[in-house]
Structures are given as C-alpha cells and as structure tokens.
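You will see two complexes here that share subunit A, one where it goes with subunit B and one where it goes with subunit C.
So, the complex of A and B:
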C-alpha cells in the first residue's frame, strides 16, 4: 500500500516536471504580449520578467516551482498577476459539480447498460447500440444534437448559462452518457466472460434459480473490476468538462484553461494540468486500493 | 462489413475530389444568402455568412482527415524502438514503462492543451498535439504485443541459428506484430479524428473561417436556433467516419481484444 502511494507520488512529480519542461519551450508568452500591447517599453518588460523570476536559469525556476508546488502553491498568472490558486479556487466549484454529477449518473447507467447488453434478454441489442454510440460519438456532437433538439426545438432546457439547476441537466446528461460508454463496455465483457466460468455452470447444476445465479454468481465477480475502469474514466471526464463547458457556455475550470491556453498564460495552464494530473493519479491509486480491499480474490 | 468499406471509400472520395464536386467556393461569403435552408442551389444550406455548407464540409473533410492522418503518424512512429526491447523488466523496459506511466498520468486533452499553449493555435499544431497525446496509449499496445511475440518459439529458433537483432526484429517480430499494430493504428485514426476535431471545435485551429469539421460544428453552435443544418452536416460526417473506421478495423482484429 505504501509502495502504491509512493509510486503515485513519483508519477505526479515526473508528470509535473514534464509539463514544466514543455511549457518552458515557449517562444512568446502572455506577459510579453500583454505588456507590449499596453505600450510598455523593453526595459519595463525586462523589469517585470525579473520581478517574476523569469530571467533566472531554468534550474533555479524549476527548483522554485517544485518547492512551491510541494507546498500547494501554483504560482501567479502572467496575464493579471493574481495567484493561480485563487483563480482556480473561484472556478472550481461549477466544474466539480458538473463532473461529480456526471460521474454519479454514469456509474449506475454504465453498469446497467453493460449488464443489459451482456445478458440474453430482449433488450440486449439496445444496450449494445447504446454502448457503441457512447464510445464512438464525440461529446461535442451529442451535445450539439441535445441543444438542437431539447433547447432550440422543444425548448425544455436552456442551451447555455449556469444560473439554475435546469441549465445543468443537458450538460450532465451529455457528459454522463459518454462517460458511461467505457464503463458499460467493460461491464459487458466481464459479465459475458463470467457467464462461461465453471462456478456458474456448477451453480446452475445445483438447481439455483436463474435470478440467484445472475445476481450472486455472475454480477458480483463481474462488476468488481469495473472499479478501475471508473477511475480511468476520470481522465475522460476531465477533458469532457472542457468541451462541455465550451459547448454549453458555462463558467468553470475548462473555460479558464481554454482562455489561458489561447493567451499562453502558462502558470495557469500549468496549475490546472498539474491539478488534474494529481486528481487523476489519486483517483486511480484509490481505486487500486479499494479493489484490493473489496475483492477477496486479490488477498490470496 | 462491406457497408463500412463502402462508406469509408465514399467519404474519402468526396473529400479528395472536393475541388470538382463542391458547387461553391467554401470561403465565399454572400450576406444576402445568410442562413438559407437546404435547397438546390445550396444542398446543405448556408451558414451565417451565406457560405455554402456542402462545399465547406467537403473541403473541411480534407483538412480533418489530413490532420488525423498526420496525428496518427506522430502517435505511432515513436513506438518503433520498442520492438527492440526483448524482455519485460530489463533496464530499457523499466525506463519505457516509467515514461509511459508519466505520460498516461496526464489526461490526454490536458497534454494536447499544454502543447497548444507552447506552439500557439493552428492546424499543424492541432495535428501534433493530438498525435503526442496518443503516443503513450499506442506505445503501451506495441509493448504488449511485441513482448508477447518475443516469447514465441520461432524467435528462440531465430536466435539459436545466430540471427542478429535487427534481422530478428525485421523478419520475425515486426511481421508478426504488424496486423495488430495496423489495426490499432486504425483505432488511433478514429480517435485522432474525434480529438483533433475537438481541439478545432474549441477554437484552437488556424485562421477563423477555414473549413474543418470541428470548426464548422463550432460555427453552427452559434446559429443552432435558426440553422441547425450548419452543425448537423459536419457532425454526421465525423460520426460516420469514426464508426466506419472502427467497424472496418473490427473485421480484421477485434478492437476489444486490443484494448
């Protein structure tokens, strides 16, 4: 367990270093662009760069960045000089709410859909088609269709804004539908594989009802490995919120990241990317630990 | 199966020959014809600036498919040296798996956005950013398939008769991995279409107004109330291409097995 946490920590450290190195190849940056636009002279630009420590050697900057990062300090925005922690903090809640709700809908939906697609019932084609669509159709297209149908034509929900809960329904529905795809696919594969297992045949031979066989003997072992897939979907979800926030014109981290990308405001980009990497790695490590705890087969 | 081949060929054919099929200049604005519904003159209607959506979608497909193709090359070429790793657990393999774990720890879209921040907006930047984000997923599959092939008896045989390392890789490892690697490259291609169009949908492409499926979709988002056809055309084509590629690949190697 300690080894798992340690390797997670090292992964985060290396990923943060990689992001740091990539972002320092920057030819022009937000600061220079903005100051030049404001009519600042070259000496003023050099002065500000000096104040922010951008003229120090790369290794000094790296050390400072790592020391600050270890204390949870993400630095200052080049565009407005505000603390990245504060900027992210202001925008965090809407995104966490969107992603959290989407995940909360996607997990039961994915499990149900995958099970439906695997078991020999009338509805299994429906499940299979839903899985295929959820995996191969891009989020921005389902989102656009949802807007055309439910916002523009039927006018049931607003297409944009983040004022009330009704504006949340379409984004959550769209995001959760695609997050569920991979969960459902793995569920389907697992359930199908478990059906072939010897202990299932034995259970049937013992004359147990098909309901008991399905719930206790097939679903229980088949659904456990899905925990790790759910954690992996966090990566998709993080990217998905960027697209969903843009599509439904919502405020949030995704929007902030997009603006900062366009403005080459790299401390903000760096902060968000490192934060999402930490979350992603943490979620996966936790899933790994949970899986070991809940699956008795792992303890043998 | 046949059907997917047909659709794939049709999409490639109409986008490649856009120059001859397109009834209008995709960039030509006619403000009098703004937001026209589909008609004989404009088969798929017009957008806010009166540009012909059909022509834009044809030219846009050229760009989207070219970008995806370039991205796939970026994604798969760095994996070639992996074929030389003979065994799991060697120094080279440990280095590789550490590197892959680090790359896979950064959510793919985040990695792409970091690259766009560095390189600026533009089409080749999108291709590169999409490709780099897919290097690690592809490399992981290459590692798996290649290490599996090294365990085969015929590789031991080739070694026993004194085959050199490059000879073993080119004559035994590569040919036996190739079907799986090509199939997964196909899967990468459909991912590349989705992801590069996503970046351009987010407004990170080149000059505004340049036709590209993701960009046209984003333009359509703004007029979705009055002219849903602007977004429907590129959206349907993206989905059709992705599903056709996936089904086409699936007939050779089961995609599920790859993942």
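So, the complex of A and C:
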C-alpha cells in the first residue's frame, strides 16, 4: 500500500516537473502578449515580470512552484491574474460529467462490441469494422461528421450548449465511440484466446450447451484484463475531451487546456496537467486494487 | 454483477440529471462568438470580441454614429474643447441610472477614471484603456453633471477613445463590491442590456434593460426587441456554418469564406460582410534584416504578389484588395494608395536585376553568395494566414525568390518571434477607427515597430497628426504618412479585413458600428416564425 502511494506521488512529481520545464523551452508567455497588445512599454512589462517573480532564475521559480503545489496551490493565471484553482474549479464539473458518461457508455459498448467481433456469428464483421473505425479514425473527424449529419442536416440533436441534457448526446456518443475502441479490441483478443483454451474444449466435451460455455467459460475469464484497459482509457478520455469540448462548444477543462496552451498561460496548463496526472494515477491504482479483488490468483 | 449494474445506473442518473434547465423568454437570440478571450473586463482586457458582448452593457460618454461616422452625444449631451486642446469639458445626462440603481453622474465618471488608472494590483491588466486616454493627466468635477478631463498635451484621438467600449462607464457601487479579478462576472453599466449570467467557458447571458431611454440618437428599440441574448464560443471555424444551419445560433461571426459563399442566396440566412476599420491583413517587412533591408527589394516583393489572386481564392472575393497601411473604411484613409505597386512580375524581376540579383546556378531561384536567396515569413496559424502565405510562396517562385514559411502557434509565440528580430516578413496588425493606431507600428520607438524602420521625419508626421485637432489638417498629414510608408515599402498589404457575419433571416435590423466588430443590438428585432 505504501509502495503504491509512493509510486503515485513520484509519478505526479515527474509530470509536474516535466511540464514545468517543457513549457519554458518555448519562447514568450501570456503576460508579454497581453501587455504588449494593450500598449504597455517594455519597461512596464519588465516591471510586472519582476513583481511576479518571472525574472528569477528557473530553479527559484521551480522551487516556489513545488512548495505551492505541495500545499495544493496551483498559482495564478498569467493572462488574467485569477487563481488557477478557481479557474479549474469553475470548469471541472462539465468535464467530469462528459468523461464519466462517455466511460459509462463505452464500457458496456466495448464489451458487447468486442464479444460480437470475437464470436463466430454472422455479425462479427460488423463488430470488427466498428472496432477498426473507433481506433483509427480521429475524434475530430467523427465529431465534425456527427455535427453535420445529426445537428445540421437531420436536426435530431443540438451540436452545442450545455444547459440541456440533449446537448450531451452527440458529444457523449462521439467520445464513447472512440473510448470503446481499445476496450473492444482487448475484449476481442481475449475472448478469441480463451476460446482456444483447453478448459473450454473440456467444457464442450462435457456436453455443456454452447450458451453456458460462452458465458461462463469464455467471457468471465476473458474480461479480467479489460479492467486495466478501462483504467488506461482514462488517459484517452483526458485527450478526447479537449477535442470534444472544442467541437461541441462545451465548457470544460479540455477547452481550457487548449486555450491556455495556445496562449502560453503556463500556470493554468501546469495546473491541468497535474490534476490530470492525479486522476490518472488514482484511477489506475483503483484498477490495480479491483483487479486483486476480482482475480483470486493476484491475492497470492 | 447486480450491484455493479445498479451502481452504473445510479452514476448515469447523477451525470445526466444535473443539467440546469434554463427558462428561455419568448424572444431570445443566440449569438456565436469565435474566440473566448482570457478576460472580459473592458477596462482591463482588450480583445475586440469582448466588445461584441459588453458594447451592449455599457454606454460611453460619446458614441460614433455607425452611418455618419461622426462623434455624437452619449452619456454626455455636449462637450467643449479648450482653445489649446488641453481640456475637455463634458456636460452629462441627469436621467441615467446604472443597472444596479446607482445614479450616473460626474462622480461615477471619475470613479471609472480612477479604476482605469489604479495601479495597486500587480498589473496583469492590459494597458489598453489607459493607453487610449493618451496624454490624460487628471480630471475636475465641476458639478454633479459636469466633468473636465485635463491633458498634458493635445491628443486628437481622445473623443474616438471615449466612444469605445474600453472606456465604457461602469457602476462605482459595483467596483466597490467586486474586486478587480471578479468584477468581470458582475459587470454593471447603463446600457440597453444587463449582464445576467456568466458561466466561464460556456455562455454569457444578457437580459434587456426595460428602463433604457437614454441611448444615442441612432439607437431606437423596436417593439419586438430580443429579451435575452446568449453568447457562446464557437472557436472551431468548421462548426460555425453547421450550428447556424441547425438554428442553434441566430447570429455568428467569422464564417469560413467558402461557407459564406455557399450561404449566399439562401432564404434562411443572410450574410452580412462587415468591413473592419484599422490595418489590413499585412506583412511588416524587416528593414534591418538582409535582404529586406533594401527598399528596391521590398518594392519588388509587393510587385510580385498578386493580391487579387489571394482575395479570390482564399477570401472568396469577400474582401477588397488592400493597397496601403489603412483599410478603406478607416478615418483619413487615402484614396491615393489605390493601385500602388500593382501585381507585375516583370517589374519585380527588373527591380531585382537592377540591384544585382541573378540566378547563377540555373535552379530557378536567385542566388546569394551562400546559396539561394531566401525570405523568411513568420505568421500565425489563424486568419487564413497559412493559406495566404502558401500562395505568396508560389507567386514569389516566379520571380526566383524562395519564401521560407515559419508558422507560430499562438499570440505570445508571435510576439516572442517578433522581438527576436530574425525574420524578413511578419504578419501583424491592429484594428481601430482612428489612424493614430499607426503610431505603435511606425514610430521609431513604437512597441509594435516590427519593421525596425526609424525615421525622424515620419516620427514627426505621426506625432503631429496625433496632436493636431483640425480634421482637414489631420487628413493631409495622414495622406503624407500613408504615402511615406508605401514609398519605403515598409509593409506588404493584402486585404481589408471583412468580418463574415451571418444571421438567421428572422433577425432584423442587425448593423455593426464603425469599428466593424460590434453590433448595435438595441436596434435588432426578431420576426416571429410562423
């Protein structure tokens, strides 16, 4: 347990440090653009940088950042001076909702699709094509297509907004379709591999009906590794929300990340990266624990 | 299995159930914005986009009439300018109240000036509102309805500045109540619409101000004015036409030109191409970097560029070709600029030959001692610049100049690159109606002087034009300034900016102010769909 916690902390620290360094390799930052565009003189810009400690050495800034981070303080935006904790807080819920729903839809969908693709029925081609599309086509393309088709042409669902639950349908559909791809692929591979297992042949030889064989002897052991894939998909979701939120004009962390990166508003980007890392590590640790719970072999 | 299923269902219920149902009044407009600025406080932030919303929330002391382009009374009924141009005395309306009930008076104007010049915070604020007040150095409250602004030297753009949303007059009581960082969520003005709700990243909602009777003469509220306006941020250009067609927005700006072209002639939508005042889409040419340090070379580059082709292909003919440093609908635009350096590849080749460039190795490109002659173009990724520079690259190949394209991701990166100085051309421009915006670009010490051109004569012309109060004298000076900039070939102008707005045909009376960005929503009415 302690080992788990330690490795989680180290992961977060590494991510926070990496993003700190990487962002500062790029020339320029949000502050300079903001002030210069507003007609500030170079002297004034230097003065503000001084006041904010942006002229200190990188190591001093890094130490200050780490000390604040340890206290849960993500700093202040360079673009508008507001607290990063507040900015992220304002937009956290829409993203949690979008990603949560997408995952909730993607898991059963992925399991069904993967099983369908693996079992020797007439529909297995359909499952295989769906998996291929979900994995290889970019979210951006599906999203744009969904907007043009279902919002602009057929007018079944709205393409934007967040005040109405109907506005959630398209973004959740698009995001869950892509999230389920990897889940379905792993399910398919595992189901196919399990079918070849000796105990399945034995079960068949015992004269069990094919339904019982498929449900009890093939699916249940095949689905175990899928738990860790679901956890890994949390990472995909974080990236997927960036595109989905932009396309469907939704408030959220993803769009905030995109805007802040383009504006080089470092503290906000850092804050979101750290938060994402924490979520990712947390989900995967949870998956680890669940795995031990579900699979008796892991408890040894 | 049963437990996890019920947990899953519970989760789904929680995630879907929390949508706030917003009650929409009968006549409501959804307005699509194209980017979400990092801040919305007009005194602190500077984007043109914030004005689309908050122009409706604030009144200004004076207005610029969208039709006549003259400065007309707003919150001030009249004003007098002293002989020496150093003091402006405004007589204020006495029948105006802020949305929170605070009365509008000279003290309120003073509180706004104090707020703009308040430097107590770390100064993350843009300096735009401060900058726009030029040589302002104090005020005197004469009585409740009279205030005098004092200047340290004459500053002719002052009234133009005071007509813009960045100097909109907010409620002193609201300034008291909300700190500088949160006031943007609770803005209180005297304008035709009231800020009702601001959900960062999602929407801004305005509600009609039923008491608004003090608008400028060019405003008149129709009977079926929208009761509510909801703004959302459609940052991805490709989604703008679909959301318009899906009737999720009634008005949207900056359509992709090909999308706008395909909507022309539709009975459901109207395209409202709106010229934007200020500088055109332009490339500033670096006069201190080889080979653009040579005036003849810079002239050859302009001759070699077919702006007509760019306007036709990239902008679908919606934009006029730009010839000089100001767009055609900017104050004191000089018609003499039209047709200077027309597209002429032969002229360009002759000019290059006249300064000794030739293709020695026969590979189609002119040579220097170190190989092919290269011109570095730095450009941002927005505003169809990538498409534009690709055409330019093609066109220059015909005269043997190799253009090296260097895109940058965002605005800060562009500024950083400009400050590094190792470019030949950089795309950059500003918007505004008063030509004094040229100062930042062409004064020797201007903060956007990315041409690095320094000339005492041009400096003197620019400064004189900013001090001079007589319109006819200013017009003459700006004529000379525009000619001087083009004689030196300091910029490669491409096209006048035109904002491709589109509106549903149920939206009537939508027009934009002289600056080109900001609609006058108080004149808009909604046709009932039936």
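In this section, the second predicted complex is superposed on the first by the 296 of 300 C-alpha atoms of A that agree within 3 Å, B and C clash if a C-alpha of one lies under 4 Å from a C-alpha of the other, contacts with A are read in each partner's own complex, and residues count from 1 in each chain.
Keep this in mind: a residue touches a chain if its C-beta (ideal position, glycine included) is under 8 Å from a C-beta of that chain, and two chains touch if they have at least 3 such contacts.
This one's a predicted model, so the numbers in the text were calculated from it and none came from an experiment.
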| item | value |
| --- | --- |
| Clash-or-fit label for the pair subunit B, subunit C on subunit A | clash |
| Which superposed partner A:262 touches (first subunit B, second subunit C, both, neither) | both |
| Subunit B versus subunit C as contact partner of A:201, first or second or both or neither | neither |
| Partner chain(s) touched by A:152 [first = subunit B, second = subunit C, both, neither] | both |
| Touching partner for A:91 - first (subunit B), second (subunit C), both, neither | second |
| First (subunit B), second (subunit C), both or neither touched by A:136 | first |
| Contacts of A:209 with subunit B and subunit C, given as first, second, both or neither | neither |
| Partner chain in contact with A:121 - subunit B first, subunit C second, else both or neither | neither |
| Which of subunit B and subunit C A:246 touches, first, second, both or neither | both |
| Contacts of A:235 with subunit B and subunit C, given as first, second, both or neither | first |
| Partner, of subunit C and subunit B, that touches more residues belonging to subunit A | C |
| Clash with subunit B (superposed arrangement) - responsible stretch of subunit C out of 114-122, 312-320 or 330-338 | 312-320 |
| Subunit B and subunit C footprints on subunit A, overlapping residues | 26-27, 144, 147-148, 151-152, 159, 246-247, 261-262, 264 |
| Residues of subunit C touching subunit A in the complex | 8, 11-12, 15-22, 36, 38-39, 44-46, 121-128, 130-132, 180-181, 199-203, 232-236, 238-239, 241-243, 245-249, 409-417, 420, 440, 447-448 |
| Touching residues (chain side subunit A, partner subunit C) in the complex | 26-42, 44, 47-48, 51-52, 77-82, 87, 90-91, 93-94, 97, 100-101, 104, 108, 144, 147-148, 151-152, 155, 158-165, 168, 246-247, 249-252, 255-256, 259, 261-265 |
| In the complex, subunit A residues that touch subunit B | 11-12, 14-15, 18-19, 22-23, 25-27, 132, 136-141, 144-145, 147-148, 151-152, 159, 185, 189, 234-236, 238-239, 242-243, 246-247, 257-258, 260-262, 264, 266, 269-270, 272-273, 276-277, 280-281 |
| In the complex, subunit B residues that touch subunit A | 98, 101-103, 105-111, 113-118, 120-121, 190, 194, 197-198, 201-204, 214, 217, 220-221, 224-225, 228, 231-232, 235, 238-239, 242-243, 246, 256 |
